[in-house]
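Remarks on the structure that follows.
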C-alpha cells in the first residue's frame, strides 16, 4: 500500500510561511496533481513528501508509516525533477543504473532491469549516449526510466514537462497517463499548468498561498470551482467575472450591477439578499445574439474550430464569449448577448468562497 | 543617421560604400595596435631566450646583437652540472658551473605537494561553503581578505616562528626539535596557507555550477553524502580541479619573497636561485641567468596557455553566468 | 527479501529497511556533521598555525627591544619604543609614499591599456584566439624573471639604448645611458616592468567583462540608431562597472605589495630612490637585523592595509550585489 497522508503539515522558511497547515490524503494508485501559481507551496509540499525538505511541524505518512525522520532514499519513492537532473557525466545506461548501484544490486540483475526499463520507455537505442546527446523528449524518457527502474511505490514529479516545447509536452501527457495505467503506482505531480492538470489527473489539488483551495476530480473543479481563485485558474479563456450585488426586489434573487441585471434562479438561499458578490460566467455560457443586452465587439481571436469574441457592454471590463468559427462579426460591430443561467458561478466578493 | 526610407537609391549606395571603407580602415588600425602590443610583450621574452644562446662576449656587447652570432648551448650545459665540487673551480667567474637540478627538484616537489594539499582541502571546504553555508554568509569574503595581506608582513614573524618557536615548542612537547625553517615541508606549509583562498574561490565557481537537483536526485535514489560527492559532484568538477591545480602550481612556482625568507642554504627554489645570480655576480653571468630564466618560464607558459580558457571564467568572479 | 526482489522485482515498500534505520540514521548524521566541519576545521587550523600565530608573535615582538645578533633570551619589553621609531623614521614614510606612487602610476596605466586592448580584441574576429593567448603570456611569467628580463633591457649596452642611439647621438650624448643609476628612471623601470606584466591581468578581467555583455542590449541600441561612441558611453561602460571595480581592487592590492621587480631590477637603488615599502621592510629586517623594529613596522603596515582591504572588499561585494540585482531585474 502506498497511500500518503499529510496531517497539519507546515513549512516555514525563516519568517516566511510557505505551507500553512496542509491536510491531504493521496490514495493508493491514484494520479494526483498539485497545481497553483508559482510560490503557492506546491513544490515545497512535494519536497516534504520526498524528504528533501523537513516539515516545520505536522506529520507525513507513506503507507501508514510516519516518515518525517526518514532520509529521501529510505522512503521508497522515485522522483522526476523539473530540470530532469540527469547526470551529465554518465551515460544513459549509468544514469538508469545509478539507483541500483547505490543499492548494490548484483550486476546480472542490474543489467536486466536497466534494459527492461529502457525498453519500456523506448530508449534502448540510447543507452550508450550521454544526456547532452539526447533530445528533450529523449531526456524526458531517460529521466522516467531512471525512476521506474527502482520500482518505487510512489512517483513524485516536479513540473517534469516544463522544459519541453508545446507539441512534445502534449504528447508526453498522454504517455505519462499511459505509464500510470500500466504501473498502477501512486503519482504525485506538481505543475502550474492547469491544462496539464485537467488532462492527466484523477484528482487535482489546487493550492494558493500555502493553503489548499480545493481537492476534486478535473470536471468537478471545472464545473464547480470552490472559490473565485480556482474558477479563474482553470479554463481558457479565463472566466468572466462581474462585480455586483444580490438584489431581491421582485421576490426572486437577481444579480445587479451598474449596467446589468440578471435573475439568478432559485439556486441561492434568500438570506443572501443585499450581499456583494462576484458573478462568474465561462465564455461558453455567454451567448451572443440571444439576449437583449447590447455590446460592441473589440477583438476577434479565431481558434480554428471556434472563435473568441471580446466585447464591451458598459461594465468594468470587457466580456469574452465563444462563438462559431464562421461568425461574421468584425471589430466595431454591435451585438446583443445573454447568459446561460446553468453556467452561473456565484462567489462572495470579500472571501471569494462559492455561494451557489 | 537619416532613415534609408528618405534616401534616393544612389544616395544609399554612396553611404554604403563609405561605411565599407570606414569599416576596413578600422580593422586595419585595430590589428596594427594589437600587433604593436604583441611586439612589446614578446620582445623581453625573445631577448632572454636569445641571450641564453649567446656566447659570453655577446651578452653585453655594444652595439647589442639582435641575434646570437654563433648560437651555443654552453649556458645550459654550465647550469646543468650534477657535481659542482668535482668539476672544480673555474678559472673565470663566468665559467663557474652550477647545479640547477637541486633547485629544479625542490621547486617541482614543493609546488606539486602544496598545490595538491591545498586543492584537496580547498575543494572540500568550497563544497561545504556552497552547500551548507559553513562559516556564515561572509566567510568567502573573509577568506579573500587573508589573500590580500601582504606576505612581507607575515614573513618576519614566520621566520622567527619557524626558526625558533617551533623547534622550542616541539622539544618541550615531543622531545625532539622539529625544524621547519629551510625545509621543503616548511615552505610547502606556507604555500598551502597562502594559496587556499584562491583554491576556495575558484572551486566555489565550479561547484556552484553543479545544480543542486543532481544531488537531490542522487539522494532520492538512496545515495549517501560521500557516494554523491564521489560519483556525482567530483566527476563534474574534475576539469575545474585540474585548472585550479595548475593555477596554484604556477602561483607557487613564481613565489619569491617567502621562499627567500624561509630558506637558506639547503632548500633553493628556482626564483631564489635566479636572484642569487643577480646579487652575487653583479650581473656578470647574463648567459646562464638567461638559461635559468628560460627554464623557469617555458613550463609555466605552456601550462598557462593550457588553462587560459578556464582562467577567463575563473577571473570573472561571478560576473559571467551562462 | 533480496531473493524476492530478483524474481519479481516488487515495489520497494516504504520503510522496509527500517530495522537498521535507527543505526543508519545515526551514522548518517555523524557523517553529515563530519562532512560539514572537517574541511572547515582543517583549513582554520592551517590558517591559525601559519598565519594567526605568527601574527600574534609579531605583536609580541614589536614590543620588545631585540636585535637578531643577540640571543632572543636577552630581549626585553620596551613598550611602544619600536612604534615610535618606525613612525619617526623618514625612510618608512618615503617608502610608503613611493609605494602609493608606484601603485597609482602602474595601476592607472594597466587599467587604461588593459581596457583598450580588451576592447580591441573583443571586436576582432580574425586571430582573436591567438591574440588572447599571446596577450595573457606576461602574467604567467615568474616575476623574478620579469625583473631579470628588464635588467637586460635597461643595461647600458642593452637594446633600449640601441633603439635610442640615433637620437642620443644626434644630441651628442653617449648613447650608453645607465638608466638604473638615475633615481627617476629607476622608479619608472620598476613601474614599467609592473605594467608589462600585469596589463595582461586587467586585460583578462576586462575581456571577460566584454564577452559577458548582453548582445541584445548593444543590438537594440544600434537599431535605435545610436552611434558607436554613444553605445560605448551609454551602454557598454555602465555595464562594465563591476569588471572595472574588480580590476581596480585586485590590481591595487597586489601593486601595493610590489617587491620582486624592485629586488631584481634596482635593489631599491640608487640610494633608496626606488624602495617600495615591502623592500624597505625586508631590508630593515634581513640586512640591518632590526627584528623588533620590523615587527612594529609590519603591524603599522597591516593596520593601513586592513583599512584598504576592508574598503576593497566592500567595493567588491557592493558591485557583485549590484550585478545580482540587475540580473534579478
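Letters A, B and C name the chains as they come in the text, with residue numbers starting at 1 for each one.
Rule of thumb we're sticking to: a residue touches a chain if its C-beta (ideal position, glycine included) is under 8 Å from a C-beta of that chain, and two chains touch if they have at least 3 such contacts.
Predicted, not measured: the structure shown is a model, and the values here were computed from it.
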Query: Compared with chain C, which chain's mean CA position is the farthest off?
result: A
- line: The chain pair with the larger count of contacting C-beta pairs, comparing B-C against A-B, is B-C
Field: Between chain A and chain B, centroid-to-centroid distance (C-alpha), Å
entry: 56
Query: Between chain B and chain C, what is the gap in Å from one C-alpha centre to the other?
result: 12
For chain C, residues contacting two or more additional chains: 28
Field: chain B, residues touching no fewer than two other chains
entry: 224
- prompt: Of all residues in chain A, which are in touch with two or more distinct other chains?
  reply: 71, 74, 77, 150
Query: Any idea which chain A residues touch chain B in the complex?
result: 50-52, 71-74, 77-79, 81-83, 85, 87-89, 98-99, 102-103, 146, 150
Query: Okay, in this complex, where on chain C does chain B touch?
result: 28, 31-32, 35-40, 42-43, 46-47, 49-51, 53-55, 57-58, 61, 72, 113, 116-117, 120-121, 123-124, 127, 131-153, 155-159, 162, 165, 176, 196, 200-201, 204-205, 207-209, 211-212, 225, 227, 242-243, 246, 253, 256-257, 259-260, 263-264, 267, 277-278, 281-282, 285-286, 291, 294-295, 298, 301-302, 305, 309-310, 312-313, 316-317, 320, 323, 327
Query: Inside the complex, what are the residues of chain B that reach chain C?
result: 1, 30-31, 33-34, 37-38, 40-45, 47-48, 51, 60-64, 66, 121-122, 124-125, 127-128, 132, 134-135, 141, 144-146, 148-158, 160-161, 164-165, 189-190, 192-193, 196, 200, 224-226, 250, 253-254, 256-257, 261, 270-271, 274-275, 278-279, 283, 286, 289-290, 293, 296-297, 300-301, 303-305, 308, 311-313, 315-321
Message: Which residues of chain B touch chain A once you look at their complex with the stated criterion?
response: 211, 213-214, 216-224, 227, 231-232, 235-236
